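Two complexes, one shared chain (chain A), two partners (chain B, chain C).
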Partner chain A sequence: MLIEPFRVPFMARALAELALLALVGGPVSVFVFVRRLSFVADALTHTVFPGVVVGFLAGGLTGVFVGALVAGLVTALVLTLLTRRGALSDDASTAVVLTAMFALGVALVSRRPSYTSDLTAFLFGRLLTVTPGQLAQTAVLAGAILMLLAVGARAFLFRAFDPGGATAAGFRVGALDLWLNVLVALVVVAAVRAVGTVLVIALLIVPAAAARLVSDRLVAMAVLGTAVTFAAGYLGLLISWTASVGHGIQLTSASAVVLVLVAVYLVLLPAGRNR
Partner chain B sequence: MSWWDDAVHRAVVEAVLAGALAALIGVQVVLRRLSFFTMALTHATFPGVVAAAILGVDILLGGAVAGAIVAVGVAALSRRRGQDAAAATGVLLSGGFALGVGLIATQHGFRRDLSSFLVGSILTVSPRDLATTAVLLVVVAAVLTVCARPLLFAGFDPAGARAAGLNTGALDLVLLLSIEAVIVTVVPAVGTILALALIVAPAAAARLWSDRLPVITALAVAFGVVSGVAGLAASAEWNVAAGASITLTATVILLASWLRRYAGRRPGRTWP
Partner chain C sequence: MAEVSALRISYATIGYHHTAVLRDVSLHVPAGQTLVLTGANGSGKSTLIKAVLGLADVLAGSIDGPARREIGYVPQLDTLDADFPVSAGQVVLMGRYRRIGWWRPTGRADRRAAAEALDRVGLADRAGDRFGVLSGGQRQRVLLARAMAGEPRLLLLDEPFNGVDADSRVAILAVLRELTVAGTALVVSTHDLALADEPADRVYRLGEP
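Take a look at the complex of A and B:
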């Protein structure tokens, strides 16, 4: 009953994809949390959209990956530059980049006849049609992200908690910010086609926020974040399977996973009060 | 057949009204750095709108209730030790978004609704939507005029305002509820992304031209209205989605303002 649905190959692949993303999401969300990059993460999930559109028009399904990658990297660079310039406040410039890039994507896609279904696919992803090739792609990206994160982790933490000290100690804060923004962009690129924007936003924000309610040690937060995400992925898939197969309710798997994740956060809230 | 029966005429009027309304509240959003909160509200009022549509209740009511829950939720969650406003806002944003998208997916034939939620459907705006937007424009303008001085004081020096005997909590609540009302009214007509663009971009552009609040406000409203009308014209000309072209027009205005300010900043010349 609890394992049975995952004997179906497409469910097993969906769970494997979520497990890979949980592995990355836990540690990365910790840095998003301590640097307060929630809005930047949200912006990145929207700004890869024009890249997805242009990539698809230029090169079909393989083009999507390259397009998203380019758009994500461009956004990471623009956001880093804008927040350093100081002409606009961080949040206003993030909002403007988000809306402008997304509108560009919509303007491009709205010239095609099937544009509403393209948008829907972008929102939900295609979690249940993940192919072994995509899984391999995600695994490679996940490995790269974790490696880049491990190399930069100490510097990121120094910069997060004492920017003045990090500058004085010779760290280049601008380069570190760009590095972290690029890592977030890579997570978005790795995840967005399979699981859709709805789930990527949650993946980058909720795990660390939930783990922080239980622990204030960063390593523990990363491990807990991964565990919570994996549990939510398993439960969410199971619930959406049971609802669709057993009760005829169309519950999209991506939404179910996010809702379970947020429910875990809400359940952990009372624990946070005592700390 | 009256002038109002033409969808394009109605769309132009809605673009003008929504542009003015969003820019008016946008000045406060930009000065107080509430862009992310605004983004979260646009996504988190979504389940309320969907639930109201399924239950057959007025969708403005559904959106308003959901928005109020989010505003209170962010305030309550960010008081927890170790949780800050950014994280709490992010959690509520993703939760609300997933709930709305999940609810809509249980209905059949949801794709069109979903894309119109994101990019709006300004060409199908009804006379009733126009009346709601116009009434809210008057109300928000009145509230902001009456509360202008205390809001300014509380925005720049909360501790000082409290010491001077102002009720800053009540002022914040008035501001958040105004933002919520604007979003709930504007999103069904123009979509979430355009709503955020119309709130932030004109005000941010106006901020680059002046440091005086009345000037910023007037400029922001002008930019908002121009973005709306010019964007609609561009949409008709090049056959792209109206919401997207209005957003891009607002961005171009911001970019031009930024370039003008950046190019004007030469050595020996100081800007106020």
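Take a look at the complex of A and C:
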């Protein structure tokens, strides 16, 4: 009963995809947390959206990946430059850019006859239709993200804790910020087809936020974040499977996963009071 | 015998973005000596320290000191987030990051240097504690240990006695004395004139004509 659904190939692939995303989500979310990049992460998910749509219109499902990648990298660069000038404190202008980009994506996608289903796919992903090829792509991207993170981790930590001290030690804060923003963008790109642009934000914020409630060690937070995300992925898939197969209730699997993830956070919340 | 100079500032005008904050500063710190910078808040003590670190602009004149990696820096305590999930031991290890470089993993020698530095400030038993749960004085000592872990020739301390209890002040002063005996040059800023004389070989007052 608990592993039976995952004998079905598409369920196994969905779980494998979530396992890969959990692997990067845990550690990356720790840096999003300590650098307080939730807003940047949110911005990225919004601006990747028109990239996804343009990519899809130009090249179908393969184009989605390229479109997301280009939009993600451009946004990472623009956001780094904006934060450097201190302009990101100007929430209003940034929010205008985000909603404009988002509206642009909606406008573009609304020109298609299959508007509603396409929009749903972009926003909430197609977790159950992950192909072996996509899985391989996610694996390669996850490997690259983890390697880039491992090399920069010490510098990111120093910069997050003490920007003045890091600069004094000779680290280039602007370059580090760009590097980390690109990593966050790559996670969004890796996750966007499976869980969509809206739900990916959960993978970047909730794992570390939940782990921080029970630990103040960074490595433990990363490992816990991954474990929590994987557990939520497994449970969420199981729940959506049981709901639709057993009870005939349609439940989008990606949203089930995110809801379980948030539920874990809420369960852990009382533990955080004493920390 | 001529003194070995660790830091020499000659007729320097210092500021940010072409706006001068300090004019015509000349001073000289030999190896193994301590210069105390005094002056009211806003008199430019931090700016002078930042200029030595290359974080403020030298608009005229010159600053000659060791290479960046041979300069240690102890920032003002209140610039740091007490909720940050990082242990005291990790903070001290940050002082080694530049030496470690990008590709090499943190090695045994780095951990040993960090542990020794923490021991010298009397906090060996607090390595596993979160930085933010330590008292102000203990945090200041951790930051001093971090700077020491990098084995600097020149150490810059920005208001190291701010918010520091008497015990920690004594501990910090003792360590600073050890460092100068070992040949490290120190620049210490403080707005508290009463604290200036204790460690100083010379005092430079800012903001006075």
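Keep in mind that, in the parts below, the second predicted complex is superposed on the first by the 267 of 275 C-alpha atoms of A that agree within 3 Å, B and C clash if a C-alpha of one lies under 4 Å from a C-alpha of the other, contacts with A are read in each partner's own complex, and residues count from 1 in each chain.
Convention: contacts are C-beta pairs under 8 Å (C-beta built on N, C-alpha and C of every residue); 3 or more make two chains touch, one makes a residue touch a chain.
The model shown is predicted, which means the values in this text are computed figures rather than measured ones.
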So, on chain A, is it clash or fit between chain B and chain C?
fit
Which superposed partner A:Leu123 touches (first chain B, second chain C, both, neither)
first
Is A:Arg212 contacted by the first partner chain B, the second partner chain C, both or neither?
both
Of chain B and chain C, which one contacts the greater number of residues in chain A?
B
Classify the contacts of A:Ala41 with the two partner chains as first (chain B alone), second (chain C alone), both, or neither.
first
Applying the document's definition of touch, where does A:Ala144 land relative to chain B and chain C: first, second, both, or neither?
neither
Angular separation of chain B and chain C about chain A, which is computed from CA centres of the superposed model and rounded to the nearest 10 °:
90
Between chain B (first) and chain C (second), which, if any, makes contact with A:Gln250: first, second, both or neither?
first
On the overlay, how many Å separate the closest CA atoms of chain B and chain C?
5
Taking the contacts chain A makes with chain B in one complex and with chain C in the other, which residues are shared?
212, 216
Can you tell me which positions in chain A touch chain B when the two form their complex?
33, 36-39, 41-42, 46, 87-96, 98-100, 102-104, 106-107, 110-111, 115-117, 119-120, 123-124, 198-199, 201-202, 205-206, 208-209, 212-213, 216, 249-252, 254-256, 258-259, 261-262, 265, 269, 272-273, 275
Give every residue of chain A touching chain C within the complex, in rising order.
34, 151-152, 154-155, 157-158, 160-162, 164-171, 212, 215-218, 221
Chain B residues touching chain A in their complex are 30, 33-36, 38-39, 77, 80-84, 86-91, 93-95, 97-99, 101-102, 105-106, 111-112, 114-115, 118-119, 193-194, 196-197, 200-201, 203-204, 207-208, 239-241, 243-245, 247-248, 250-251, 254, 258, 261-262
Of all residues in chain C, which touch chain A in the complex?
53, 55, 68-69, 71, 73, 75, 79-81, 84-87, 90-91, 94-95, 97-98, 100, 102-103, 106, 130, 143, 146, 150
